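The structures considered in this document are given below.
Common to both upcoming complexes is chain A, partnered first by chain B, then by chain C.
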Partner chain A sequence: MRNSVNRPPTPDAAEDLGKEPMFQEIINIKLIESGEKERLMELLRERLIECGWKDEMKALCRAFIKKKGRNDVTVDDLVRVITPKGRASIPDYIKAELLQRIRAYLVQAAV
Partner chain B sequence: MSGPNDDNMSPHTQLSSHFFGDLLDSIIVDVASECHRIAKLGLDRNLEEEEEELRLSTQARVRAADPSNSGEANSKYVVDIFGQTHPPVANEIFECMNCGRSIMAGRFAPHLEKCMGKGRKARLKATRSSTAAQNRYSRGSPVSTYSPYSNSSSTNRLSNGTPGVAGEEYSNGTLEEP
Partner chain C sequence: MATGNPLYANPKLCKHLADYKLRHALSCYKSLQNCLKTTPNGRTSIYRSETKITRCCSCNGYQGRFLLCLICSSISCSSHALLHAQSENGHDVAVDIERSELYCCLCSDQVYDPDFDKVVVSKIMMDMPNNTHVDDGIRRSSKRRKLNSLMDLDLKKSKHLVLMRDRREKSCYPLGLRGLNNLGSTCFMNSVLQALLYAPPFRNYFLSGRHDRETCRKRSSDRLCLACNIDVIFSAVYSGDRTPYSPAQFLYSWWQHSANLASYEQQDAHEFFISVLDGIHEREGNGRIPTKDNGDCQCIAHRVFSGMLRSDVTCMTCGFTSTTYDPCLDISLNMNTNNLSSIDVANKSVRPNENSTRCTLSACLDLFTRPEKLGSDQKLYCQNCKEKRDSFKQMSVRRLPLVLSLHIKRFEHSAVRRMSRKIDWHLQFPFSLDMTSYLSSSIVRSRFGNRIFTFESNEADTSPEFEIFAVITHSGMLESGHYVTYLRLRNQWYKCDDAWITEVDEAIVRASQCYMIFYVQKMLYYKANEDWSCTPMSSRKDPFFPIAGCC
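And now, the complex of A and B:
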C-alpha cells in the first residue's frame, strides 16, 4: 500500500480493513481533497431530487412541523424524523450508481 | 494491502457502503436544515397558521370590496388593513405660501386655484395688483374704492366705451377675456 501516512499495523484479515476508523479517515481525506466527494454528493443530490425523494422528505418534515408547531422544531428533530425513512427509501438504481462510482474511485486510488 | 483483486472486493464494498451512507447523511441534514429554515421563516404557506391568516385576509378583502360598505357614505371613517382610520378630508393645517393664510390640507388645491389664478376671479386679483398702479395714474380715483366684481359703477367708469364685461375694468382698453 503506497501511502506515506502513519497508521496502526493492518490486522491480518483483509475483511477488517473497511472497519478501521483510521483507514476510513484517510480515504475520506483523499476523497475530499481530490474533489470526488463533492462530485459524488452533487450527483446523489441530483438523483434524489429527480426521483422525488427530496419532496417526500420535505413532506415528512412539514407534517412533523405542523404537528409539533413550527416554533418548537429543531434541526435535530427533523433529522431524526427523516433518517430512517430516508435511508430506506433510496431507489435501488441510484444506490447502485453511487456505489459503482465510489468503488471505481477506490480502485483508481489504489486502496 | 495490495492483494489479489477478489480480496479487495469485500472491503471495497464495505467501504463504498460506508461512504455512501456518509453522503446520504449529509444530504439528509441538508434537507432537514432547509425545511427547518422554511418553517422558522414562515415561508411555507401551507402550514395551518398561514391558512388561518389567509382566510382572515380573504375575509377582509371581501369586506373591503363590498360596495355596501363604502366607508365615507356609511361611517365617517374607513378602517384600512393596518387598522388605521383616516378622515375623508385631510385635516392638517398649514400656511399658504402665496397668500399666507392658514389652509386645511384637504382644501389646499381649491384654495390654490383661487389664490394663484386659474379662475376668473383669481386672475382679477392678479391683474388688479398689476393694474392698480396704472389705475392710480390714469384715473385719479383712489384704488381702494375699486371693486373687481361686477357692479354698475364700474361699467360707468369705462371711458373707452367698450362693452362692460361685468366686473372688469381696464385703464388701457385691452380686453381680457375671463
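And now, the complex of A and C:
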C-alpha cells in the first residue's frame, strides 16, 4: 500500500534507550538548567493550595486510609489512588497559566 | 507530651531501617546533612547541582519521585527502587530527594526515624536567620500550669444545691433547663445566655456561690455588676421552677454597660457574647483579683474562655519569622469558600454552587491556620533583610481555653460595595473535636516538612480533645433573623427557642445553620454529665408532663 503520508517508521520499544532525547525532554532539561522549573513548581504549589485542590487530595487520602485501615496503606498506594483523580481535577485556569509561562520562557530562551 | 499522639514520638522502625541503623549508626545521616538545601517556606531537599538532571539509574527516566540510596548514592525512580534494593544487598534505605524523607525500598513505603528528622531539623534551624521563636519552643522548660485551677471550679461544693429541688418539677428534663422570655428582639441575648448557663466551668463557678452578691455590692458603690446579674439568672434558672424567666434586670445592666448597643433592635449574638465577657472582666479583673505569675487574668470570664493565639509572619526572601501572641476569647472563622468537586471542574470559575458545597468545620479551621500570603500592597518590614518584603502569615493556637468558642463569620460586610449579606451555606461540624493539628506545636512542626520531631510546649497541660455542648444557630436574613440555641446534656439535645424548650434529635442539630459553636474540654464534659443527675427519684413511672414553657 502506498504511503500517502510521509511518516518516519514507528520506533521499537527496545530501541528506546539509545534514542535521541524527545522534544519534551529537551524542554524539561532547559527548564531545569535555567532554574525555571523550580519557580514553576513553586507557582503551581501556591495555586493548587489556594484553589483547595490540596485539601481535596488530603480528604481523598483520608477516606482511602479509613477504608483500608491505617496499618495497611503505603505511600505508593496513596499516590496510585489519587493520581488519576488529582490529574483530572486540576482547574483549567491553572493549566492555562502554566502553559502561558512555559511558552513565554521558551520564546525568550530561544532567542 | 503526655496527651500527644504516641506515633509522633515513637514511630515503629521497619526491620530494614533498624538493621541499617545498627550497622551504620548515624554517620550517614550526618553526612547527608551537608547536602541538604533549605528554603524559607520549610521545604528541604537534597541539593543537586543546577545543571544535573535527575535520572533513574535503571530506566533513565526523568519524571516522578526520585530516591537516593543511602549506601551507594545511586538514584532510582519510585518504580525501580525495589529493583535496586533487590540487586544490591543491604541497600534498603533511601531518601526522597525532593522532600528529605526516608523511604524503605524493600517495604516500598515511607518510614520515619526521629534521629533522621532531628538531623534535618537542626540543619533547617542552622540556616534560619535568628529565629528566636524556635529556640523558645526547645529551650523553655514547661511550666506546668497547676491543674488546681480546675479544682476551684469543682462541682463537689455545689452538690448540696442539687438536693434542694423544687417539688413542682415533674418533668424529667435535666436540672436547670428553663425558657427565657423574649423582651423585644432579645433572642440574641437569650441564645448566648443559654449557652453560658451550661458551660460547665462557668456554671460550676456561679452555682457554687463563688461570686458573692453581698460582698460585691458592699465593695462597689454603683449597682452595676454583670456578674451579679448573671448570678441572679443562675439561681433563677436552676431553682427548679420551669416557667419561662425574664432576664430584664440583666438586660438593663447590659444596656448600661454597652450603651451603644442599647436598643430594641436585633443585635449580633457574637458581639453580645464578647461584650458580656468584657463586662464581667471589667468588674472582676483589673486588680480586683490578683493575677497569676504568668500575667493571666483570673476573672471567671478569662479563666474559662480565654486562650492564646500565635501569629507568625515570615519573610518570603530570607525566612526570618517574627512571632506575636495575642489572647483571645473566641476564634472567628471564615467559611471555606474554595471547595472543588469533580462536578465543578468544567466550570471556569472556582466558586462552588450551593449543591456541591461541602463546608466543614475542619476545613474552616484549616483555612484559619493556613499560611496566608500577604498581598504585595502589604509588604512588611523584615528585620533581617532590612527592607520591606513579601511575607506570609500563619495563625495557630498556642493555648486552648477550657471552653472553646468558635464563631462562624456568616455576615459579610463589604465596605466597597456598601452592602452586607449573609452566607447561608450549611456547615458540617463534629460533636467531638480534636484540636491537635491546629496547635502551635503542630503547625510549627509542619513547617519543617513531614517530620517526627517534638517541640516541648506548654500545651501538654490542656488536652486538645473537646466535646460540644452548645450550638447557637441563626435562621433568616441578616436584618431580621432569629437565634436559637441547642444544648447537649447527657447526650440528649434540647432546643432552646426563647421561652420554649424541647427535646430534639441530633439530626436536627447537625442540619442546622450554626453560627457559634461551644466546645468544652472532654474531661470537664464527662465530669459534668456524671455529677448532675437528670431524672428525679420519682416513684411513679409516668412519662414527663409538659409544663407551661417546656413543651
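Things to note:
By our rule, the second predicted complex is superposed on the first by the 89 of 111 C-alpha atoms of A that agree within 3 Å, B and C clash if a C-alpha of one lies under 4 Å from a C-alpha of the other, contacts with A are read in each partner's own complex, and residues count from 1 in each chain.
As a working rule, contacts are C-beta pairs under 8 Å (C-beta built on N, C-alpha and C of every residue); 3 or more make two chains touch, one makes a residue touch a chain.
Please read these numbers as outputs of a predicted model, since none were measured by experiment.
When the two complexes are overlaid on their common chain A, residue A:51 makes contact with chain C while staying clear of chain B.
When the two complexes are overlaid on their common chain A, residue A:25 makes contact with chain C while staying clear of chain B. Once the two complexes are overlaid on the shared chain, A:75 sits against chain B and chain C alike. Looking at the shared chain after the overlay, A:33 reaches chain C, while chain B stays out of its contact range. Touch criterion met: A:62 reaches chain B, while chain C stays clear of it. Contact with chain B, but none with chain C, is seen for A:106 once the two complexes are overlaid on the shared chain.
Of the two partners chain B and chain C, more chain A residues are in touch with B. Shared contact residues of chain A, touching chain B in one structure and chain C in the other: 17, 28, 74-75, 79. If you check the complex, the residues on chain B that touch chain A are 1-3, 7-8, 10-36, 39-40, 42, 44, 46-49. Against chain A, in their complex, chain C makes its touches with residues 50-51, 53, 60, 62, 65, 78, 103, 107-110, 336, 338-342, 345, 348, 350, 363, 366, 370, 373.
Remark: chain A residues 17, 25, 28-29, 32-33, 35, 46, 49-53, 55-56, 74-76, 79, 85, 88-89, 91-93 touch chain C in the complex. Chain A contributes residues 1, 10, 14-15, 17-19, 24, 27-28, 31, 37, 40-41, 44-45, 48, 54, 57-58, 61-62, 65-66, 70-71, 73-75, 78-79, 81-83, 86-87, 90, 95, 98-99, 102-103, 106-107, 110-111 to its touches with chain B in the complex.
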